[in-house]
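The structures considered in this document are given below.
Look at the two complexes coming up: subunit A is in both, with subunit B in one and subunit C in the other.
Here is the complex of A and B:
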């Protein structure tokens, strides 16, 4: 392994430099793009409020809230891990970011893991039963289900399970300021998580299923599967140890990329279920033209995409050594 | 004797049984543990004067913590920190007699020095809800009397100062130089009925606790909680919250579930902003043609399922005490609209649309979702108006924009027509100045109209007229001129409703003239006091 890494050091170095340059471009875009948004914080906050400002008051407020550090100062501040202050809350952006992040991780992380696991297992099992009525039915059903947008699923679940049956709460991540024991608090969080999580799982599961099934169909045609069968290995071992392991690679890619789009990925679901998270934070910041929050969330999310792509490059080499020797 | 004792025992047993059966059915004034209010936006900033968002819902979040000199309920002004007030026209002063025994949340006593400090502090660090421009100063006359002096008569004083100015504790704020960045827990010490406990920024929830030492008595609910709910109606109907603003078409369903519905007077209007600085909109006759072409009732019927009332063209609500019934009106008349356009030199082209000097009459309407009483409302007003104008021969491009972008364009006069709206139409008549005068350059819902000098003079005069009847006459005239000039066209008043669960024993109501300077939200703190 060490030999392999030492051998390919120049290639690793080139990759790291490429990623570093991309990160720099992303930092510049995160600085530039929010500034191109029409409107500004003072207009957004005051223009149609109960308060009507005179020209002098408006100028004064604009001077107070307009922050033009210039790109190099912005870069220096980022290097010092200073993300600036939110105009709307007048609190550090990092505080806002880290108070929203756990909820996004809980919702999105769980949704990805659950949908990937179920999608993978069901996909492998269905592929193994190729040409059966079950397989044909599942593929048709999942193709249709994949076309149903999250917004429709979310609203249907909301109306059915929150409004009519009243089994689950309609909004929020927990009962606000409820005086509960730790155990009851966890149950309350789980109770609130069910509907948004179900919406996301229903949205992600068909894609994972179809990918796993297609990948597995290709794998089971391979000669080594026939060999494994001929050796008299148990069917489950052939399916998972020989087949599914090799069908996993595209699913890992999908998982990584989905995770990278964590911020925007759950925006719709967060809005439907008033679930706190980075999507809601970004949405509100854009509406209020809260520039420091917009640029920080945009930057962190884009750097996250980059980091995950880099991570995937490394994971590929570990899962599938063919990638390393592809050149 | 034995028989007597036996009878006595029997009577005692019967009496006890009766007590056991009857006592639980006697209504007991139960203490309400908590009240939950749903809100679809959630985040309205921190509840102190310098950190709440400048919309009505933000002011209300703050009003639970900070009290004003006077307040309003459903009948009008009532005493708050001041038990009485008077105006002396000779010395141009308002005198407030303050209540005794008032305490701040930290237990320190409130006095006239705090009021004097607040006036001076707001002059130095403006709080934009309060108009301090005409105030020259304040003096403490003893511990319980404050005299506020004016530079000139100022008719909206009670609305914009006495009933809106949150009083700050001098012992906390005297050393604060940048109030917007003052982030200490002491920044939320007021003398209002509730103490601020927490604001969860990520979740958009607020927690307040009753201030047991409140000078008007202990609040009815121990805890007050604002909950962010994407769909407040759903939260209300599933019993997760006790009160919420609702869409009127959900009223019946909620009533069936035992909720009480309350309807506000007409205090908020949707209006068509007109760029009267550029042709052809700078021509009054052209603006009148637009008014005749628009069918207010059709907009209400098609875009709001009939929930609303056509608006007065004079801006002030028909429910306002200064409303002029003689305000000019423009009943829908497409024929009249066409006649005006033809008099202005427009000719019908072969496609049915007007043309002048070989150039088609084509205008752009900017539409966006507007926030009404703190809730973002989606509608199809733009589509209906486009169809109405096209039916008289005006070609229309309808552009739907996100609100901040649309606001930015209106502010810079980069539009032809724009759909906007605002409230405060039941509050002090100064709203006419805010919504007409060109002084408010940055506003996106003010007509900013400076062409008619008589109108500008009347607007100025009504602010300094302290005699109610004389002021009313001025306001009548303003409405007439405004409706004749039509620098903007008021379209309709949407039906504004809230619903609450009566089981908690709280009666919520809409405040007369709106809370403070006219907030049309039924969350008056007095509901939890008396």
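Here is the complex of A and C:
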């Protein structure tokens, strides 16, 4: 094990350096871009107001607002969670960000794990019954489902289950101002989570299913599966202990990348169900042209995804050296 | 060989379904403005009225004909996806071939760059750019392409590496063929199936991204788009408009994404035997 780690150390180091540099470039761009915008705060604030500034006041104000903090100061403030104030909410951006983050993590994390687990199990079971009617039907159904984007699924679920049948709430993550015991509170949160979660699971389940099925179909053809069956092992044991274990790798390898792309889906789904996560925060900020919030949410969440993927890449390399050659 | 490829493809019903839908959407894209009965920016009709014979899908809250709006919206989404897909394909093929053919330091740097780009959520960069500079949609399509090439170039590179040692390539080099000649005449045609697969997959992603961005309100509001129509229609969900205003854009978007998904999946399936080596390596 230790041997393996030291062996792949140079590759790691390359990854860490590349990702670190990317993070720096992204932070620098987020520092630079707003400064390239035309116009300035003083002009936009006072040009159309009742207050007339004297020339001296104007130069002083202008000097105050265009004071350059410098990139190192910017970096230090970023690390110190000092991300400026929201124009629209008049609260520190970090407060807004950290109150929204748990909801996004809850929604995304659950959707990711559920869709992967169901996709894996159903994929393996279907591959085992290859060429049966069930398999063909499932593959067709999943191919069609793969073509339905989460905007459509979300809106349909919302209109059907929240507005017409009224089974689930249409907005929010918990009932506002309700004083609930901890158990009822959890049920309430679960009740609100059902529709957005279902939307995301329906969106990601088909991809996981098709991937698990395809890799399981290749694994089943291997000689060791025939050996295991010839030994008289129970079918379920052959399927999972022998076959599925090896079919799992492509799914796990995609975990990180899928996470990065899931953010897109989460933004839209959160907006449809007004779920108070980062997506809704970002959407409201876009509507209000609240630049500090847009900038921070975009930058920080990208940095987080970058860090997660780097971590996963390193872990894969330790778990399975084959990943290195597959790249 | 081309003819056999086409026949093989049409034997797959997913490809046939995708192809029929693609022809349908291509026709709508090309002739949309001719088919539209009204100017979609004309706001002179009775706002929020139910469909009639003159207005097939009724009128929206701004007094605009929904059917005409939809035709223009489909056009915008398709064009965005096409541009982004084509540019991503071009970049991916060029970079993949360069990395695979020349190897060494060039390869390491390009592939590290690809790894890094894959780890950046493109949507965040697009949102940031759109919010700060409000660029034209074409610019956003190009930026998106800049984030989509890595997966294409990785498959192209892997395939280049395995073909590079082939007899015919070695023979061509032996006869004095230059790098450019060998790449142009032997490698690029041989990788053709990969282009189709890559293009379909990236088109799908770009169209989906366009709908999401429009849905979040990041495009110019006067630019008709499916995502924006859904977003506006949802504001009036309590009125009985869901079947004539909300459903048509949703159905169109789903059909559009389905079209490219079917094509992508069946291309990958049918053209698979030629790419067995790389795919097998990946699957195990």
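In the analysis below, the second predicted complex is superposed on the first by the 271 of 327 C-alpha atoms of A that agree within 3 Å, B and C clash if a C-alpha of one lies under 4 Å from a C-alpha of the other, contacts with A are read in each partner's own complex, and residues count from 1 in each chain.
Heads up, the rule we're going with is that a contact is a pair of C-beta atoms (placed from the backbone, for glycine too) under 8 Å apart; a residue touches a chain by one contact, two chains touch by 3 or more.
Note that the structure is a prediction, hence the values are computed from the model and not measured.
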item: Partner chain(s) touched by A:235 [first = subunit B, second = subunit C, both, neither]; value: neither
item: First (subunit B), second (subunit C), both or neither touched by A:187; value: neither
item: Partner chain in contact with A:310 - subunit B first, subunit C second, else both or neither; value: second
item: Touching partner for A:163 - first (subunit B), second (subunit C), both, neither; value: both
item: More subunit A residues in contact [subunit B versus subunit C]; value: C
item: Touching partner for A:33 - first (subunit B), second (subunit C), both, neither; value: second
item: Partner chain(s) touched by A:19 [first = subunit B, second = subunit C, both, neither]; value: second
item: Which of subunit B and subunit C A:96 touches, first, second, both or neither; value: first
item: Partner chain in contact with A:172 - subunit B first, subunit C second, else both or neither; value: first
item: Touched partner set for A:271, first subunit B, second subunit C, both or neither; value: both
item: Overlap of subunit C and subunit B interfaces on subunit A (superposed complexes); value: 37, 158, 163, 271-272, 287, 289
item: Sites on subunit A touched by subunit B in the complex; value: 37-40, 42-55, 57-58, 64, 88-91, 96, 99-100, 103, 158, 162-163, 166, 169-173, 176-177, 271-274, 276-277, 280-281, 284, 287-289
item: Touching residues (chain side subunit A, partner subunit C) in the complex; value: 14-15, 18-19, 21-22, 26, 30, 33-34, 37, 143-144, 146-149, 151-152, 155-156, 158-159, 163, 210, 214-215, 218-219, 246, 249-250, 256-257, 260-261, 263-265, 267-268, 271-272, 282-283, 286-287, 289, 291, 294-295, 297-299, 301-302, 305-306, 309-310, 313, 322, 325-327
item: Footprint of subunit A on subunit C - complex, ascending; value: 14, 108, 111-113, 115-116, 118-121, 123-125, 127-128, 131-133, 154, 208-209, 211-212, 215-218, 227, 230, 234, 237-238, 242, 246, 250-251, 253-254, 257-262, 265, 280-284
item: Parts of subunit B lying in touch with subunit A, wherever the complex brings them together; value: 36, 40, 42-43, 45-46, 51, 53-56, 59, 126, 128-129, 180-181, 183, 198, 200-205, 207, 223, 225, 227-231, 234-235, 237-238, 240, 370-371, 402-405, 407-411, 420-424, 434-435, 439-446, 516-519
